[in-house]
Amino acid sequence: MTNSPRITVAEFEDLCAEQLPFVAMMGLQVQDIGYGNARILLPTSENILRPGGTVSGPAMMGLADAVMYAAILGQIGRVEQAVTTNLNCNFLRRPKPTDIMGVGKLLKVGRRLAVGEVSMFTMGEEDAPVAHVTATYAIPPDHQ
Amino acid sequence: MTNSPRITVAEFEDLCAEQLPFVAMMGLQVQDIGYGNARILLPTSENILRPGGTVSGPAMMGLADAVMYAAILGQIGRVEQAVTTNLNCNFLRRPKPTDIMGVGKLLKVGRRLAVGEVSMFTMGEEDAPVAHVTATYAIPPDHQ
Amino acid sequence: MTNSPRITVAEFEDLCAEQLPFVAMMGLQVQDIGYGNARILLPTSENILRPGGTVSGPAMMGLADAVMYAAILGQIGRVEQAVTTNLNCNFLRRPKPTDIMGVGKLLKVGRRLAVGEVSMFTMGEEDAPVAHVTATYAIPPDHQ
Amino acid sequence: MTNSPRITVAEFEDLCAEQLPFVAMMGLQVQDIGYGNARILLPTSENILRPGGTVSGPAMMGLADAVMYAAILGQIGRVEQAVTTNLNCNFLRRPKPTDIMGVGKLLKVGRRLAVGEVSMFTMGEEDAPVAHVTATYAIPPDHQ
């Protein structure tokens, strides 16, 4: 049996528009939110590219942060005050100047902390991720 | 004896304008670059604030990445192809919606990797950092 | 097509006996080494347990380090001078005082750096890992 | 004004003998515990050396974990259930086969999380650390 997600893509997008202007500015496109997992696309755009043609590191970390947030809300529903406490990013390959997909899943949802991982890759190259993030969020103790 | 920095603030700003549009977009103000250290200010601006009034995580990671880059070029001079390989950020306190200063120093410059740390804080509160980053850059083997 | 591992379990165990006394002291049991992946068991033993009955953090980080090393040598063969440059561990659940399995795979093998991840869990509970590590190794540039 | 430490070296050593057999096994020598900081020595010993003469990574991570634990108890007093949730280690230089000193201080003590950093170096070489750790501990909400 699979649990249903506790937030819809449309609800999450509304939340981002209100609460995450930095992320919204990046033009992120939420593809899917499940119970403890999510997929979000970072589209190519001039302002996140480095000359020579590669995607900037902060843009990829912003993508990963958004994927984690979506995966958490997909599992515990819309809560106030879920905040990132740690984010560790390994940059693995120089990305091509094209769309980047971020796919994340939670490794743990405890009473106070949620931990997950996000892989990022260019389309069709899931086996050769350009970056990998693990991140921890503090979540409200009464989230259940 | 103290070594002189091998890149000036003006040279670094030119480099950012060319190479780091994402960072430039954040309006970063380089305060100082030394031999293996740097200080950069992230000014308050609408587009990096989260409602409720706090600075977004990706903006602080972008600040830290820029501080590290400046500290490295301050020590090894302008090189092509210094790229971040790992960035680990601990978010420590909810920042007030005000300017954030990032202060970084290198812990090591080896033949192929440079590692450093960056503390971020609001003005006048150096003892209570809002975030702390350690990061690794791959640098060209012939940088010496 | 799957590539064959470039080191056997027996060869890796000999290497550990020579080079990694700390790891050998933990009584690690290598289960399997593939091309870029590995499985190693950390058996229950008095000296790694914390009273109250849980496995110590350093023992799990030692396990993860060994799994990564095995996965790397499984892909590039026995090389001198593969050394850990970064290890990030998220401790997810309090482990029971029982055997811990570490399962790892590489995310990238570049010219100079290899990056991978290791999940650790008690037997039969793969879906609820007790810890998760990402780690980077510096590898010799002429490893190919 | 400086706050007094809330645990003594002797009390901390008793606690380690009871609760941290792995750490005790390493022969750690607690030098000093202050309010939110600590210094611990990892003495040279056969079983933590790698042939060729260097100190093993897991031993240094165990040292850092102990330093953090001492620094936390130095600030909040002896509590049950302070547990590591994240430890990130950058290995900076190949250590000589000699004693390693670990010096740590807290970056934050919140209601539920404490975060700190630990530098490790061989005696007389504080400016050239062999490793650097940041770590997070979950602490009891009623610790104040």
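Per-chain residue numbering starts at 1, and chain names A, B, C and D are given in the order in which the chains are listed.
Note that in this section contacts are C-beta pairs under 8 Å (C-beta built on N, C-alpha and C of every residue); 3 or more make two chains touch, one makes a residue touch a chain.
Quick caveat: nothing in here was measured; it's all calculated off a predicted structure.
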item: Taking each chain's C-alpha mean as its centre, the one farthest from subunit C; value: B
item: Comparison of B-C and C-D by number of C-beta pairs in contact, larger one; value: C-D
item: Inter-chain centre distance, subunit A versus subunit C - centres from mean C-alpha coordinates, in Å; value: 27
item: Separation of subunit B from subunit C, taking each centre as the mean of its C-alpha atoms, in whole Å; value: 33
item: Whole-Å gap between the CA centroids of subunit C and subunit D; value: 23
item: Per-residue multi-chain contacts in subunit D, two or more chains; value: 85-86, 88, 90, 136
item: Residues of subunit A that touch subunit C when the two form their complex; value: 88, 90, 92-93, 107-108, 110, 115, 117, 128-129, 132, 134, 136
item: Residues on subunit A engaged by subunit B in the complex (per definition of touch); value: 18-23, 25, 46-52, 56-59, 61-62, 65, 83-91, 94
item: Residue ranges of subunit B touching subunit C (in the complex, touch as defined); value: 85-86, 88, 112-113, 136, 138
